[in-house]
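Each in structure tokens, the structures are laid out below.
Look for chain A in each of the two complexes below; its partner is chain B in the first and chain C in the second.
Coming up: the complex of A and B.
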């Protein structure tokens, strides 16, 4: 089973960039999304995300992400549509609900922002190895290794938790707990108590990793122990400039 | 009754199970053997509806798993997972066993009685915390909470793995008792001694297909199929096979002893005859 954050090996231009550059690019795309309220720019950013996915050879994952995010966005869109008011009233619904001009515009902005800002982070994690990311955080950004390790380990545990949870759900359904119901409220009622075994196994797993890290000399590791070098090349500088340009154009277009 | 017809299954990356057909009647004790990754666990998950066949049909007691929910099938099927920790979800041993019982029965008196019996059969302290038990004990607890319910069909994914010899024999004895009361037992097992001692029938699985299916003693004679599935029969059976003539029906220490004595008697008679032949000749 491949999770949506798992590393996809590859040899593309993007794979070869410095992990730091990839992180900066992803963050700057996010920032641009949050600065801009311009629909066209936001759509352009989403297209840029897809282009990045294509260039890295993970277009199918990019599209899968887009599909998943669109589903979530639909719910958010409806909620925002009803709760943001301003400008002309377009439709009046029962229960004193209004759909307004500003509501529609803002709902679009929020949804496009959500998609545009989530995709780059997920894509970045798909083409960067966790080890490289934490090494670069330690050597270039001078973050203590302990914290960088915590961050990357937390990321690595997400798919493990998901796997564990689906295993627990299977086991409990086999005992006769009605976890395979289609009724979402009933399902939540049954899933909540299962958080106990999930937490216990998770804490055990984490304790296990901590012990094995300690045994292998974790406390001896310092910034100097990093064996691989992460040079900043011309291409990295280029991509960083491009990132800055993105944020810049977002500022100009939105006239902030 | 369990009935599989031309069952195929894949996880999305090549077929894991290929054209499986078999029928298991009420009260049978069946062992599924095969190499790691042969598809044994997958086959069992198809039986209780956790996985649905990509083609073919799986029918349990006239319920088709494609149209029946796992939680509904659970009323007649008890399933022991390879990893007991996913099953255990309560804070004390007593609550854990009660949880299974309450899902299956309404009658308070019956539940109390079963709980008491199970605690004493398995020798558990009702108040101990499951997560402080050792791995073997936790597996026994998961099994105990299944057996307490006395399901019609019991599916066990490696029930004795990690048990010491005595523990394995005790646990298998409890399972056998349930089988004698009429329950169908389907068990995945890598320990061929256990298979030989307890299973009446063996399914040999290799690369997603059943390559042999028959009485336990018949199957252990089929060296070729066993080798294909990376399974070695118990040493005693291997020895009997090597010895050949006169040892065909040897599957236990007692049988081996009597076969050897038989052979020795025969040789002695032969020697005796030869000797008397020499004297007279």
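Coming up: the complex of A and C.
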């Protein structure tokens, strides 16, 4: 899932929304996922996520996310299936393991929730510039700039580290380390030592970034410093209402 | 004016002094090149000028660096940045944004430049470096050379009094390197900006800089007008700096008693010299 947080430029309706609106929409979809225990609603939310991806012109990334999350979900599904017990016993397995009706139902809920709640945040970050996000956090939500800068810098560094790591891996592979082995244990044995050079370059890069911010007046910045304005337009209000509606319907349908 | 007096600095956990007894005066409007082989302390010296030392990197610090009379010890790098614009060596870590426009805006916002002035500064600094077309590109999609230009544009937009650059052409092709130095000369001549540039390419320095400080093992071993420094070509060679061929040639001629007047530091001068010798 390399590059799943990189910004994808575009001109869609969603790109043009206020970053705050996008954040609210993403968070509200998460909230709706956590409120709901209804399978159909959860599937509907996942479809909504894909629809959002389509509208923003990043459907392929949406599908890539879905695929990646499904793989992780499979493992979680199996574990939940065995650990949650309740209702009728469907299958009895050796070692006193049971698969129960409630186990199946809850395992589905948890997996669908995981997918439904992870996608919107990743999608939101794909169509929002980090700087815009940090500016909005500072100007609209009054978060101190120091923290907003930390958050966005951390996000920005993820792809940089991913590149760095693939560079290190290529360098090792070209020197004959069998990193493409199919044996997972062997692979871990080869990749683990590479974390050391990654850590060293990371610390160096972060230090460089801190220096660079300092010598460009980081400490002089105030809340009023932001040049770009982020007005809340009608479309933003509409999307915010839609977000509220989502949470509201999740509450009604789940009967919480 | 930048006045460095008796500066000695040792990084924490290091055994050797990175800088030793540095004395250097840089007048307003100077164009100074700093040269020396790797590990000579060039970057450390730039850190001492822009306040990264002693505020960010700590260690044993003796002596003083004064910018227009203010000791860098008393002002943090952000305050110093109002006067001194620095372009770092590692361009990738210098970038704080993901889009070129935001990268240039970053400093302007921090400096609280009036909003009606921002656009003009933004577009003119992009134009000066010939990268107006890159304005909306993501930093990640740029080549090394383009990033270097963006980094310089971001500092230029702040209109500093002093421009401090650490190997600004390391990622550039020869033609773009010359363009950058031409731009630096223009900034120096037209706007009176003091230029301090660390550079390995001695050809560029001998052509564009007015003064040269040569560093070796944390010390400044030669310092003065470019032509005066170039007279010491054998000393330069001994500390690992290859002089331009015209310099070596003219120095050899002078050593052998041929009267050519002065050391030639560029091709044009060498041509004049050669013509003079031929026509007697």
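Observations on the model:
In this text, the second predicted complex is superposed on the first by the 248 of 256 C-alpha atoms of A that agree within 3 Å, B and C clash if a C-alpha of one lies under 4 Å from a C-alpha of the other, contacts with A are read in each partner's own complex, and residues count from 1 in each chain.
Please note the rule applied: a contact is a pair of C-beta atoms (placed from the backbone, for glycine too) under 8 Å apart; a residue touches a chain by one contact, two chains touch by 3 or more.
Since the structure is predicted, the reported quantities are computational estimates derived from the model, not experimental observations.
Touch criterion met: A:217 reaches chain C, while chain B stays clear of it.
Here chain B and chain C are compared by how many residues of chain A each touches, and C touches more. By the touch criterion defined above, A:153 reaches chain C but does not reach chain B. In the superposition on chain A, A:6 makes contact with chain C only, while chain B stays out of contact range. Looking at the shared chain after the overlay, A:231 reaches neither chain B nor chain C.
Touch criterion not met for A:94: it reaches neither chain B nor chain C. Once the two complexes are laid over each other on the shared chain, residue contacts for A:255 go to neither chain B nor chain C. Against chain C, in their complex, chain A makes its touches with residues 6-7, 9, 129-131, 153, 156, 159-160, 204-222, 224-228. By the touch criterion given at the top, residues 50-52, 55-56, 76-82, 84-86, 88, 90, 92-99, 102, 105-112, 115, 118, 136, 138, 140, 154-155, 158 of chain C touch chain A in their complex. Here chain B touches chain A in the complex through residues 11, 45, 48, 50, 69-71, 74-75, 77, 79, 81, 83, 85-89, 91, 99-100, 103-104, 131, 145-146, going by the rule given at the top.
Across the interface of their complex, chain B is touched by residues 1, 164, 167-168, 170-181, 193-194, 196-197, 200-201 of chain A.
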